[in-house]
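Have a look at these structures, which come just after this line.
Consider the two complexes below, in which chain A is the common component and chain B and chain C are the respective partners.
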Partner chain A sequence: MAMIRNQRRHRLVALTLILPFVAVFALVFAYPLVEVVRLSFTNATLIGGGEWIGLQNYRELLADKLFYTSLKNNGYFMLLTVIPTTVIALCIALMVQRLSGRMQALALALFFLPYILPVSVVTQIWAWMLDFQFGILQPLFERIVGKPIPVFKNPYWVMPSVAVVTIWWTNGFNVLLFLAGLRNIPSDLYEASALDGATRWQQFTRVTWPLLWPVVALVLTLQLILQLKIFDQIYLLSEGGPFNSSSVLLLMVYREAFQQNNGGYASAISLVVFLLIVAVSVLQYQLLRIRGRR
Partner chain B sequence: MSGVVLRNVAKSFGAVNVIKDVSLTVNKGEFGVFVGPSGCGKSTLLRMIAGLEDTTGGTIQIGGRDVTHTEPAKRGVAMVFQSYALYPHLSVAENMAFSLRLARTSRDERERKVREAARILQLTDHLDKRPAELSGGQRQRVAIGRAIVREPEVFLFDEPLSNLDAELRVQMRLELSRLHQQIGATMIYVTHDQVEAMTLADEIFVLKGGSVQQSGAPLHLYDDPDNRFVAGFIGSPAMNFINGRVIGHTPQGIRVLAEDGEVEVDLETRPAEGMAVVLGIRPEHLVPAESGITVTVEMAEELGGNAYMHSRLPSGGDIVFERRGERDRLEGQNVRLRAEAGHIHCFTTEGLRLR
Partner chain C sequence: MRRLENVALTGLTLTAGAIWIFPLYWAFTTSIRTENRVVSDEAGLIPDELNLGAYYDAIFNSNLTNWYINSIGTSLIITAVVLATGMMCAYALSQMTFPGRKLLYGVVLGSFMVPAQVLVVPQFILMNDLGLINTWGGIILPQLVVPVVIIVYKQFFDAVPKEMKEAVVLDGGGDYTLLFRVYLPLNWGITTALGIITFISAWNAFLWPFLVITTEDMMTIPVGLTQVNDAFGVAYARLMSVALLGAAPVVIAYLIFQRRVTEAVMISSGVKG
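Here is the complex of A and B:
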């Protein structure tokens, strides 16, 4: 009886509890999203109105050579980071896991340390280390390639270099995810498989890998989304240069919006990036899930 | 030929000696049970036989081969874990065939063996399911099936029934007994439950503090324990212990003053008068009588056919005695109990048996 009488009150409480979130969400997410969609069909500047021009922005974008260069660079960057960082993190996690107690914590802390640095510090460290004249890593280049290389000013070296910096910076988090995944595999499965006659490699391929697959799929998907959104490192290290050889989609958005004052055009690009990320990540996650079920 | 032979086996983790100089033999085809309270080293000992723990000292032989330093897979043992340790991503059939796949057994043979094991364990309808879709008892049977297909010389069971509910546990106990008769392999079984030990074992090894206290057939341990620990551990409800003092000798043994009652005990040795002893009497051997040790009945556990009377000595100790077929209630009453001289065990205050 009491339940029925309190229904109205119940609803009121529920409403007041979700209202703050809904309000904030509407203000800082839903409204801007709708505005971006609307802006992408106008020739608006960053601030102020603009006229409705239909699909003009999109037509322009599809004819923009820089868009294709940036798209290609985004793809190249994903290739350089997503799978390598996953493989490296898995290897590190497998090694760290074999350490005991205190040593494990220490090793994990060391690998995680770069992740807590802000991006500007990370890029500054690497800019110094790779400095053409005084960089501590240049002797290494001299030994391998024969001459020092201004990596962030060289069209061939710039993307791989940014990729290395990115992997170094974000790898600790993936190690952490893998380590959590590895700890979830009960140790008696390894004992059972040892009794069943599995070698270390067979234990990895037949026990660890299939049971870790959900974590691998998660890491790959998170990395894919993260690396498609690459901006800060490029902006801070090479500013898209030289000759747009490290230009990426979000850098294009930034330039169009905040340097060229083309709010409408920038909105169109960011919407395309958004749809691209959604499409690719959903596709990838589904593919990985199917493989996982096998 | 012998099944499993342990000679002076020892194991220490750092400075802690977990297993101290254990020597024992489980004959080929026998069902041996390691039983003891938690922390007695029984699981460690089993894992040493399996090769999952290093052996610090001594030798382990399986089927006449010294396997002390052999890797687990080559010892000819299969183990059933307490947690079952089934591969969650594989079907029941794949779980059972796992070791055969690793050994590159032909597909036909693999299927034949898995089907045979499934038939024995009544798992034929579940071969395509994943472990998560099975009940506890079925998972347990898959774990056993995984051991069977390997056709090992020795089966090792590490508390395999402790995750099952009471009813299922009794059922699986019977199935294990039947399985042992059916395949006739050597089996070693670890449990802390002395009922499991009594019902399954050909030979029980009672462990405490990393060493074997006594070994032998279940009824031998029950009737003739070597020390107070074994006497108290084997049997349910446990044996009653009453402090007493030797007050005289009889032709067959001694007379003991225990609490307020005088008790005669058959004994070959004749401990000196005045010596403190501990009498051990099983619940079924205590009967109400005109004279004897006085107890106050506090509670009755009526089981229908028999009843366990929980009662208290004047000095505070617990006494349990059994009654059969009587229906009158004794709660709150004072009862005098006696036992036949031949049914009373006598221990020193240190816990050693006096014979």
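Here is the complex of A and C:
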């Protein structure tokens, strides 16, 4: 009897401990998740309501030219950021890792600091750096292409420029992950290989790279997901322009829902973004598993 | 020879770091100049005047103070609630048995795959129904779900030796005593680390506060910053001073807690346990 009462008490305590999180989770996460699916089959506005219209939103989406432009831009942006930032971060981490004590902390701080800035601070600073008239980087453009370029108003330059800003902003996070990965490699492996007469390059290809691969896979897939979710920088720097040349899926969600009042259609686009991210997450899982089996 | 190489490497790395951080340096240099000098040909790379007029304008002729209050208030509340609910839930998951435990843990892990951006439309409708548009509550509520806090806490609670638990249980202590007298005090380090990164990401949140707030006096710093272009027109010194003032709290927090921040980032991304 006492045992049963104890068990009931135990469960009650457990319930009070999980309840606050579960309640918030259900209200602002689980319920909206169900709702976004339901809304995508309706013609709801931004204050809800709407009627069930079946697959109408999805049919419209598949016929929407802007959808394909945005999808293509999302892909282009990932191409411009994911692998470059991974390579740059790895190089920086390899350099920083060989410094000692204070110098290492200082170098790391220099590379990491941009990561903790609010996005609008980052975009304000870079809009000024690249300002058409007075930007300090414009002489560089004059040297290379012969004239100053309003980069965020130029259909060819806008995506690469946003990519540069994004890499500058988020790269520190990847540097940190690589540093942690490098520190996890036992140093006696380097000593042993040095005794065997291995060169630096051989040490990198035979010791560092294979042991660092899990972190490389982690960084690559985290970046894929992060860059797929691009919205803030594009909205703040170019608003998707010029002529939708930097429109991306989440920008479409924003415009449809919050400017055109098409909550249902925006939900359908959201769901496409969600499915893409699930696909990448599955890929991440597989990548990490392959490594585990080796 | 080896020594020389090290000095060269240190020099090279720090130079690269200095170039990397240059945009921030340039923003600062711009912010302490007069607007006329900023756009003149003589504006060199080295700060040559100390003019705080732009900062004066930023503080007294914009809504910056309001944005500060909104940012500090909402970020602090988010941090406190996320930590409290997270540690309680993690303790139950780690140390207690109850029906649905596995399911709950699975849901927490699975929610990683759902990006917050995907939920903005139904969340906005919900906040509208609750009458929370343009309020702190509206900013705060959707930011309270941070599953990684639970995962990290659970990891650390799992690692607490069982003997410590038994001693308290023998003395007649219940689960609340265990959580608040044993498991939490043993993990202050991770609590501060998680607290700092939760605060920084709440402070930096852009998309959601941008959607849920429509009047200037209710905006947070990152959202408010987008308004100063309109307020000041083309005035680079003032733009940069507002941007730097907006970034100052997180930059200072980072510089003070540098170790903890990097540790927290490593732990929460799973490369270091």
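Methods note: the second predicted complex is superposed on the first by the 278 of 294 C-alpha atoms of A that agree within 3 Å, B and C clash if a C-alpha of one lies under 4 Å from a C-alpha of the other, contacts with A are read in each partner's own complex, and residues count from 1 in each chain.
Everything that follows uses one rule, which is that a contact is a pair of C-beta atoms (placed from the backbone, for glycine too) under 8 Å apart; a residue touches a chain by one contact, two chains touch by 3 or more.
Everything numeric in this text was worked out from a predicted model, so none of it was measured.
Q: Which of the two, chain B or chain C, is in touch with more residues of chain A?
A: With both complexes superposed on chain A, more residues of chain A are touched by C.
Q: For A:I144, select first, second, both or neither according to whether it touches chain B, chain C, the two together, or no partner.
A: neither
Q: Report for A:A63: first if it touches chain B alone, second if chain C alone, otherwise both or neither.
A: A:A63 sits against neither chain B nor chain C.
Q: In the overlaid three-chain picture, which partner chain does A:S193 touch, first (chain B) or second (chain C), both, or neither?
A: First partner only, chain B.
Q: With the two structures laid over each other on chain A, which partner does A:A180 touch: chain B (first), chain C (second), both, or neither?
A: After superposing on A, A:A180 lies in contact with chain C but is clear of chain B.
Q: Which residues of chain B touch chain A once you look at their complex with the stated criterion?
A: Residues 50-52, 71-74, 77-79, 81, 83, 85, 87-89, 98-99, 102-103, 146, 150.
Q: What residues on chain A touch chain B, complex-wise?
A: 186, 188-189, 191-198, 202, 206-207, 210-211
Q: Enumerate the contact residues on chain C facing chain A in the complex.
A: Per the touch definition, chain C meets chain A at residues 6, 9-10, 12-14, 16-18, 20-21, 23-24, 26-27, 30, 38-39, 81, 84-86, 88-89, 91-93, 96-99, 101, 104, 107, 111-115, 117-126, 128-129, 141-142, 144-145, 150, 174-176, 179, 200, 203-204, 206-207, 211, 221-223, 225-226, 236, 239-240, 242-244, 246-247, 250-251, 254-255, 258, 261-262, 265-266, 269-272.
Q: Which stretch or stretches of chain A touch chain C in the complex?
A: Those in contact with chain C are residues 10-11, 13-15, 17-18, 20-22, 24-25, 27-29, 31-33, 35-36, 39, 44, 46-48, 92, 95-96, 98-100, 103, 105-114, 116-121, 124-126, 128-129, 131, 133-134, 136, 168, 173, 176-177, 180-181, 184, 215, 218, 222, 225, 229, 231-232, 236, 250, 253-254, 257-258, 263, 266-267, 270-271, 273-274, 277-278, 281.
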